[in-house]
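For reference, the structure is listed below as C-alpha cells.
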Amino acid sequence: MRIGTARKLFVGFGLLPSVLLYAVFVVVPVFWSAYYGFMDWKGIGEARFIGFDNYVEALTHDIFWQSLGNNLIVVAASVFGQVPLALLLALLLSQGTWFQRFVRASVFMPMVLSSVVIGIIWSYIYQPQIGLLNGILSFVGLEEWKRAWLSDPSIAMWMIAIPIIWNFIGPYLIMFLAALSSIPQELNDAAAIDGATRTRRLFSITLPMIWDTIKVAIVLCISGSLKAFDLIYVMTKGGPAHATELLASYMYNNTFNVYRYGYGSAVSTLIVIISLLLIAGSQILMRRNNQ
Amino acid sequence: MSTSMPALDTGLHKTQRQNKWWRRSIRNILLGLYALVTLYPLFWMFMSAFKSNADFFANPFSLPQTWNWSNFVRAWEVSGMGKATMNSLFVTFVSLVLTLFFGALTAYIISRFEFRGRGILYSLLLLGLLIPIHSTLVPLFSMMNMMGIFDTHAALILPYTAFELPIAVFIITAYLANIPKEMEEAALVDGAGYTGIFLRLILPITLPALSTVAILGFLRFWNDFAFALVFINDPSLKTLPLSLSVFADGFTTDYSLTMAALSMASLPTIIVYLMFQEQVMKGMAAGSVKG
Amino acid sequence: MRRNWMIVLTLLIVVTMFAGCSGDKGATGIKSAEGDSIKLSLWHNFTGDDLRARTMREIISEFEAANPGIKLNVQAIPPDGYRARLKTVAAANEMPDVFIMWPGAMTKEFQGGGLIQPVDELLQANAAWKDGFLPGSFDNFTIDNKVYSAPMSLTPTSILYYNQSILDSHGVKVPQTWDELLQAVRTLKAAKVTPIALGNKAAWLAQSSILSSLADRVTGTEWFIKAAAQEGAKFTDPEFVRALELLQQLQQEGAFQEGFNSMDNTQMEMMFAHGQAAMMIDGGWALTNLTANATPDAIKQMGVTVLPAIADGKGDPNTTSGVVGVGLGLSAKTEGKVKEAAHKLIFAMSGPEAQKRTLESNQLVSYKVELDKSKVSPIFSKVYELVNDIQFTPVYDGMLTSAGADVVNNGIQELLMGGDPKAIAAKIQEAQAKSLGK
C-alpha cells in the first residue's frame, strides 16, 4: 500500500476513456432502445406508452419462438461445431512450418471476404439446378439425395448453419493458437518425460491451461450466433415462410420493413436478455465441468 | 521425444515410424483439402469479377469465357471507390488504434488491479457483446445529432471503438490471465510506474492477443454497413461498404460489377490479415522461448 | 448496494438524455437557407450503372448548372439501404427537403407523422403537366384530397413473359385462359421444360407479380379495396381462398422450377433470358435485366401478355396489377425560398421533359408521352404497347398495411410449399385487421 494513491490514479484515469465511450455509445442507446420497447411507435410521429404489451406479444407470437428455435440451432452448431473444430485445427497447426502457416491463413480467409460473397457462393452451392452439391450427388450416383436445399423448410436451417460455422472458425482458431502459445513448453516436456501420452497431456495440461480462452470462445460464440444476420439476409431473407428466420432478422424486419419500431425494439431487448441467460447458463455448466 | 531416440534399427521400430509417417501424410492431405475449400470463395470471387453477367448466371463455377478487365474499371468509376477507400482507411486506422490502446489498458487494469466495481464493469462490458447493432441505430442517430458529431468521421470512429471495446477487453483479459505476474512485480520493485509497465511490458507481451483483436476490428470496421449508412451524410466522407452496394437497385443486382468491386475492396483486408497473422505467430514464438 | 447505485446512475443518465432530447432541437443535420445562396437537400437512390439511374443523375447535374443560386446537397443512397436510412431520419424527425418516396404505405406513414407537405400548389401552377398524367396516377400519393407527390415512373407488376420459340416447338399457344395455362404447364412439364421461372426468395415477388393479378381476376377489384380497408369484406371470404387455391394448383401442377423459394428475381430473369424456362410472370422491372442480358435474337423471341382469364372470376381479365413508381416527397419543414427552390427541383425531376427522358431510358412512366421506338429495346416497346391497351388494378402490398403485406408475402411462400389456403387466409385477415386497429 506504499503506492496507493498512484495506484488509484492509474486505475481511475486508465478506465475513464473506455468507460465514458462505452457508456455513451453502447449503454445509453441500449437502455434507450429498451425504453422504445414500451411504446407503440411506428418510428414516426407520436409514441404511445403501452407498458409490457410489446414484450407480451413477442413472447406469445409463434414466429418469435420459431426464430428463437432457429437461433438455438445456430448456437448449438457454433458451440459444438465451431469451437471443437477450431481447437482441433489449433492443436494440429501449432507448429510454424510453411505448410501449417498456409493452412492457418486459409482457414481465416472466409472471414476476410464480405458476407455478400459468402452468401452468394453458398447459395450457388445449394442451388438445385446448377448447384455444386446436387452436381456432386449426381456425379456419385446419389440422384435420390438431391434436394432444393434452401427451399425445404425441414433442412434449410441446418444447411445455413454449415456456412455459418465454416465462415467464423478463423477467429477462434487464432484465439486458441495464441492461448496455446502461452503454455510453457517445459510443462509438456516434463509430462512427456514422465511418460504421459499425448491424449493424457491434452486433457490434463493443455485444456486446463487454455480453459479461460475456451470459455471466452463459447461466450463469443453464443453472442455472435444470437446476432447472426448477414448471411441469412443474403441467402434466404429468413424464408421460406420464416423457416430460417432468426431473432435478429425478425427484429430488423419489424423495425425497418413493417414500421413497428416499438415492437422491434422490444425484440432486440429480448435478444440481449436471452443471450445473457444463455451465457450465464453456459458459464455455470463449465464451472461444474471444470471441477 | 521418440524421434530423437537412438535408432535401434529393429523391424518393430520401422513399422512404427512408417505408421507415423502415414498418419502425418493423411493429416496433411486433409488439412490441405480443408485449406483449399476455404480458399475457394476467394478464387471464385476473382473469377466472377471477370465474367459478364450472362456468363456469371449460366456458369457460376467455371472460368470466365472472356476476361472482362473493364469490369474493374467500371466498378471503380461508378462506385467512386477511390475517395471511399481513403475514408475507410482513415476511419479504420483511427478506430483500430483507439480500440487497441484503450482495450489493452482496460484489460490490464481489470486483470491486475483490485478496485470497487470491477465485477460490475466487467459484466457490463460483457453485455456489450450481445447488442444487435441495428437496434441502436435510432438512439445513436438522435444522440449524435445532439452532440453535433453527426456527419463527421467521429460519428463512425467513436461508436466503432465503443462497440469493439468489449471483445478487445475480453480477449486481452483472457490472454493476460495466463501470463505470470512475476515480471510485472519485479518491474514494480525496480521502481517502474504503472504507466511504464503498461507501455513497456504489457503491450509487448500481449502482442498475439492484440493482433487477434486488430484483425477482428479491422474486418468489422472495414465491412460495416449499418453505421456507415446512417451516420454519414456527406458523400465525400462515405466509406467503402456504401459504395459497394450501389450495384443492386432492389430489383436487379449487377453481380459482375459487385464482384469486381468486392474483389478490389478485399485486397487491403487480405494484406492486413496476413500482416497481423505474422504478428500472432511471432508473439507465439517469443512466448515459447520465454516460457 | 453498489449494484443498485450503478443502476440508479444509469437510469439517471438515460432520463437526462431524454430531457435533452425533447428540449433542444437546435443542432440538426440539415440546415436550410443561409447566406445568399439557397441550400436544398435532396436524397435519391439512383446510384447504379443502369440507363435510368444515369439519366436521373444527368437531370440533377443539369439542374445544378442551370440554377447557380441554389446549392444542392445531394445524397445518393444505395437502394439496399435507402429505406432503412430514410426510416432512421424519419424517426428522429430530420427529413431532407426533397427525397424519393414510395406511394401507398410509406406516403401514409410519413403523412401521418406530419413529416411531409402536399405539392398541390406546384401541380396547380403547372396545369398542363398535371393533366398529362395517366388517370389514377396520383391515387396512392393522395390523402384527404391532398396530393403529396407526382409519380416518376409506372410499374406494371404482373406481366406474363413468354418465349415464343419454346412454346412453338412444343405446340403450345400463348395461354388465354387458366385452363389453357394449366394445359401448357402439363405439356411443357412432360417435355422436361420448366414451364414458368420463379424466383421468390424476396417473398414480395409472387405476391406482386402473381397473386395481385390472379386474385383480382377471381375477386374483382372492388372486393379487394373493401378487404384491404376491412370494411365489408374479409380475407377469409371464399373468393380470396379460391385465389390462393388456384395459385397453389399452379405449383402442384409443377409449373415452377425446383427451389424457387431460394432464388432471387435476378436469377429467375436470367433463367428466362437464357431460354431455360418457357414463361415467367414478372413486373416491368425485368425489362432492364432482359435488355442488358439477353441476346438480340432471344429478345426477338420474347412476347408479353396479361395473366390468363379465370372462367367464373369477377374481375376484368384485360388488366394487370400495377403501381405508380416513386415520387419526390417534400419535407413539412421546408418553407419560403427553399420551398420555391424545392418546387423547381421537383418539376425538373418529374416534369414533362424528365418523364420523356425516363421513358427513353427503358422505364415506363405514368405520363402521356409518345414513345420513339428507335430509342428503346424491342421488348420494352412491346410492354409499352401492352400497357397502353389495358387497365391497372391495385397491387397487394401497395394497398395493405406493411404488417399485412408482410404476412401475405410469407403466406404465399408457405402456400407454395403446400400450406393450407384457409389457414393462410385466416392469418392474413388477422394481421390486416390488427394493423388497422380493428
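Observations on the model:
Labels A, B and C are assigned to the chains in the order they are written; within every chain, residues are numbered from 1.
We take it that a contact is a pair of C-beta atoms (placed from the backbone, for glycine too) under 8 Å apart; a residue touches a chain by one contact, two chains touch by 3 or more.
Everything numeric in this text was worked out from a predicted model, so none of it was measured.
Comparing chain C-alpha centroids with the centroid of the full set of protein C-alpha atoms picks out A as the closest. Farthest from subunit C in terms of Cα centroid separation is B. Averaging Cα coordinates per chain places subunit A and subunit B 15 Å apart.
Rounded to a whole number, the gap between the C-alpha centres of subunit B and subunit C is 39 angstrom. Between the Cα centres of subunit A and subunit C there is a gap of 35 Å. Shared interface positions of subunit C, defined as residues touching 2 or more other chains, are 17, 84, 91. Among the residues of subunit A, those in touch with two or more other chains are 27-28, 32, 43, 127, 255-256, 261.
Of all residues in subunit B, those that touch two or more other chains are 138, 143, 255.
The touching residues of subunit A, when paired with subunit B in their complex, are 6-8, 10-11, 14-15, 17-19, 21-22, 24-30, 32-33, 36, 43, 89, 92-93, 96, 99-118, 120-121, 124, 127, 130, 132, 166, 171, 174-175, 177-186, 192, 209-210, 212-213, 215-216, 219-220, 223, 226-227, 229, 247-248, 251-252, 255-256, 261, 264-265, 268-269, 271-272, 275-276, 279. Partner subunit A is touched in their complex by these residues of subunit B: 1, 27-28, 31-32, 34-36, 38-42, 44-45, 60-61, 102-103, 105-106, 108-109, 113, 115, 121, 124-136, 138-140, 143, 158-159, 161-163, 165-167, 169-171, 174-175, 177-179, 193-195, 198, 208-209, 211-212, 215-216, 219, 223, 241, 244, 255, 258-259, 262, 265-266, 269-270, 273-274, 277, 280-281, 283-285, 287-288, 291. The touching residues of subunit C, counted against subunit A in their complex, run 10-11, 13-14, 17-18, 83-84, 87, 90-91, 105, 109-110, 112-115, 200-203, 257-263, 276, 402-403, 406, 410-411, 413-414, 416-417, 419.
Against subunit C, in their complex, subunit A makes its touches with residues 23, 27-28, 31-32, 35, 42-45, 123, 126-129, 148-151, 153, 156, 235-237, 239-242, 253, 255-261.
Note for the complex: subunit C touches subunit B at residues 2-3, 6, 17, 20-21, 24, 27-29, 45, 47-50, 53, 73-81, 84-85, 88-89, 91-92, 94, 264-267, 269-271, 273-274, 283, 285-286, 288-289, 292-293.
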